[in-house]
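Look at the two complexes coming up: chain A is in both, with chain B in one and chain C in the other.
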Partner chain A sequence: MREISKKIVLLGNESVGKTSLIKQYVHSIFNEEYLSTIGINISKKSVVIGDKTYKLLIWDVAGDLMNEKLYDAYLRGTHAFLLVFDVTLETTYTSIMQELEVLNSYFPDVNKIIIGNKMDLLEGDSPAFDAKFDILTSAKTGQNVEGAFFDLAKRIDNERG
Partner chain B sequence: MSEANLHHLLEKLELLVSENQSLKIENKSLRSLVEETEPDASKVICYNNELEQFTYVATHDLKTPLANISGYLDLLEMDLENPSEDIKDSIKWLKYSVREAMNVIKELTSALKARNDKADLLIPINMDNLVESILSGMRSTIKQKKVLFICDFTEIDEFPYYQIALRSILQNLISNAILYLDPKKDGVIQIHTEKRSDDTICISIEDNGVGIDLEKNREKLLGLFKRVTNDGSGSGIGMYIINKLLENYGGQLEIESEVGIGSTFRIILPLTEKST
Partner chain C sequence: METKNQFEELRRIILSDDREENNERNQRLLEKIDVLEKQLNDPDEFVKILHNSKEQVVDMLGPHVGKLIRKFIRSEMERLSENITQKRKAFFSFDYLRRNKKESANGQLAQVFIIHKHSGLVIGEYGNEDTIEPDLIASMLTAIKSFVETAFGDGESDLESLEYGNYTILLFNFEQFYFALITEGILTKEMKSLYFDQCLELADDSIGSLSFKEIDDVLTNKVNKYIQNTFFSTSDNA
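On to the complex of A and B.
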C-alpha cells in the first residue's frame, strides 16, 4: 500500500515537552532529563486510517526558533501544526496564542491543534488558568499522546475526503 | 661477420652496459628511498605499541581530572543559593559535557581492548542519539554563531557501524561546517541519511558556508596539516583523520562544493545484513 507523506510541525516554547511528545509517540520512551532541542529534528511514524496509510513526517522545532523567517523558509508545505503549551505555565499558553495569530496569517488553511502537555502535573482536570485547547496530554505517562496524533491524522484524512 | 657489423655490435654492447649501470644506480637510490619512507615491520609494530600505550595513558589520566571536575560541579551546585536560570543551565551543560567526555574515554578504552576483533565494536548506531550528543557538546558555539541545524534521519536512523569512528568523523565534519560558515549569511547545516540502492548508507552534511574551490584544493583537503584557507582557522588534521578512519573501518567520502554557495560532505558506509 502506498504511503501518503504529511508534514506535521510541533511549535511551542522551550521545555513544554515537544520532543518528549514525539519520543513517546514514535519510540514509546520518556526521558526525565531535559535537553533542549538544537535546530529542527525530523521523525516519522505511519498511521493507518481506513484503507490509507499516512507517513507522518514530524518536525520538532526548537522553542527558540519560532519566528517568521523560519516559517517562510522551512515551514511551507506543512499539513498540520501542533501548538504545545505547558499546563502549569500560563506564559507558554500566551506565547502559543500569539504564535497562532501569526500562523493563521501565513497558513490560513492548515490544520492547527492546541495541546496542553504535562497533564500528569495537574491537580484537577484542567489548567489553573483560562485556556482553550483541543487535547491534554502527558508525554511522561503517554496519556492521550497517541490520540492527539491520531486525531490530527484523521483531520488530514477528512480534508482529503 | 664484417668489421662494420662487429663495430656496430660493440657499440650496442657498450650502450647496454652503460644503460645497465645507470639502471643499477637508479635501483639503488630507489631502494634507499623506499627504506627511508617505509620503515620495516618491526618499526611499525614499535610505533603502534607506543601509540597504543599513549592512548591507554591518555584515557586513564583524563579520567581523574574529569571525575574531579564532575565532583566540584556537584559541590558548586549544592553551595549555590538561588542560582539564576543561566547559571543553572551552564552547570547542567558542563555536567553533560563531562559525561560525554567520559563516554568517549569509555569508547576509546573498549576500542583498544577489542583491537584484535573489530567486529566487537560493530554496534547499532542510533543517528538521533549520536548527532544529538555531538551537537550538545557544541551547543555554545551553535548558539553564538546562530546556526540552524536540520536533522532528518527518517529514511534510516539505525545501522551497525563503529560508533567511536563515526562519532569522530561526524564531529570533525560538523565542526568544519560550522567553522567555514559564511558570516554574511544565516548559517544552515542539514544532516540527513539515505539508503542507497547499492547496499550503502549515505550520511550527508550540507552547509551554506563559504565553499571550497575543489579544482585547486582537492588534494590539499585530505592531507595531514594541510589547510585550504590561510586565515589560521582549522588545524589541518580533521579531514586527514576522517579519511584514515574511513579507510580503516570501511567507507568513503564524497565532496561537492562551490565557492560562495556551500559544501556537501557525504559519508558512504557499507550496509551490512544487520542493518535495518
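On to the complex of A and C.
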C-alpha cells in the first residue's frame, strides 16, 4: 500500500483542548489536569483511506505561541490545519475566526477544519453562541475524535484529484 | 550571568510583538519566562523539572546559544523519547545510537536525513543502526531549526549545527530540503567539509531532479538508497 506523509497543525487558544485531542487520538488517553503546552509537541499516526495510508505528523502548537514571528515559522509546509475552539467559550471561537482569516490569506489552498471541542459540556447539541464549525468533538469521552482526523485525511485525499 | 542576557533577549522579542491583541498573551508569556529563568538558574531545580514535569521544559527556553541550546535539545529529545516509549522514565533517545558500539571513530556518521525544509517531512534517511521514529526526529529538528532561525537569525543565515552530548548534528541547507547528519565524537574541519561535498554531490546528481510535491514511500525508498550508497557504502573509502 502506498504511504504518503502529511504535516498537520492544530491551532487555537490556550486550554481549548488541542493536546487532549491529540492524546485521545494517538494514545486513547485523557487527562483532567491542565498542563499548558509550551512550545511544540509532535506526534504521529497513520490513517488508511481506500488504498492509501496517510502518515500524519501532527504539530501541536501551544496556544500562547502566537507571537507572529515564531508562529509563521512553524506553519510553512502544512497540509491541513485543525482550528480548535472550546464550545463553552465564545472568545475562543472569535479568536480562531480571526486566525482563519490570516491563514486564508497566507495559505489559501490548504485545508482548514474547524472543531468545537468539549462537546461533553454542552447542554444541548450546539454551542450557546452562533458558530460555524465542521465537527464537534470531546477529547474527554473520545466522541468524534477519530472522525475529525479521518475527515481531515479524506479531504487531503480528495484534493489530490 | 550569561543566561541573563539570553532571557533579556527573549523578553525583548516578546515585547516587540506589536499586535495589540497579543498583549495579554505576551504578559503571560513573560510571567512564564520569569519562572523558567528562576528554575534554570538553580541547577537542582532544573534537574527536578527534567525528571518530574518535562512538559514544562520548553522550546521557548532552548535556543539561546550555547548551553541553553543543549538543554533545549536534551529536553526536546526526552520529550520525543517519551512520545515514542510512552513512559515517564527519562532516557535520551539518541542513546540508541550507542548500542553495541564501542568508543567509535571521531566524527563518524551515525545517521543521515534529508528533510523537506518547510514541512519537516522525511524525504530519505539512513543510519548504521535501526532508528526509532525518524519521522518524529525530523519534525522536531525542523521545529528547532525554524525556531532558532526565526527568533535569533537575521532572516538570511541558517543554523549550521546543533550539539547534543557526544553528538553533533550538521545541517546543510538547499533550496527545498536540508541535510541533517548526526555525527558522533569530535568532528574535524576536514570531515565537515568532506561531508558537505558528499551532500552537494548527492543534491546535484540524484536528489536535485526529484519532485517533492508529494512525499511517499516510493520517493523515500529511492532516496534512502541514495543516502546509503553515498554515505554508508562499505566498498569505498574502506
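One rule holds for everything that comes next: the second predicted complex is superposed on the first by the 156 of 161 C-alpha atoms of A that agree within 3 Å, B and C clash if a C-alpha of one lies under 4 Å from a C-alpha of the other, contacts with A are read in each partner's own complex, and residues count from 1 in each chain.
Just so it is clear, contacts are C-beta pairs under 8 Å (C-beta built on N, C-alpha and C of every residue); 3 or more make two chains touch, one makes a residue touch a chain.
Bear in mind that the values here come from a model prediction, so they are computed numbers and not experimental data.
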Chain C versus chain B on the shared chain A, clash or fit after superposition: clash
First (chain B), second (chain C), both or neither touched by A:158: neither
Which of chain B and chain C A:91 touches, first, second, both or neither: neither
Chain B versus chain C as contact partner of A:7, first or second or both or neither: second
Contacts of A:28 with chain B and chain C, given as first, second, both or neither: neither
Which of chain B and chain C A:79 touches, first, second, both or neither: second
Partner contacting more residues of chain A (chain B vs chain C): C
Contacts of A:44 with chain B and chain C, given as first, second, both or neither: both
Contacts of A:104 with chain B and chain C, given as first, second, both or neither: neither
Listed stretches 20-28, 128-136, 200-208 or 218-226 of chain C, narrowed to the one that overlaps chain B: 128-136
Those residues of chain A which chain B touches in one complex and chain C touches in the other: 35, 38-44, 57, 65, 69-70, 74
Residue numbers on chain A that touch chain B, as the complex places them: 35, 38-44, 57, 65, 69-70, 74
Residues on chain B engaged by chain A in the complex (per definition of touch): 96, 128, 132, 135-136, 139, 142, 147-154, 186
Residues of chain C defined as touching chain A within the complex: 13-14, 17, 19, 21-22, 25-26, 28-29, 32, 53, 55-56, 58-60, 62, 79-80, 83, 86, 116-122, 133, 135-136, 139-140, 143, 146-147, 149-151, 214-218
Contact set on chain A toward chain C in their complex: 2-7, 27, 35, 37-44, 55, 57, 59, 64-70, 72-74, 76-79, 98, 160
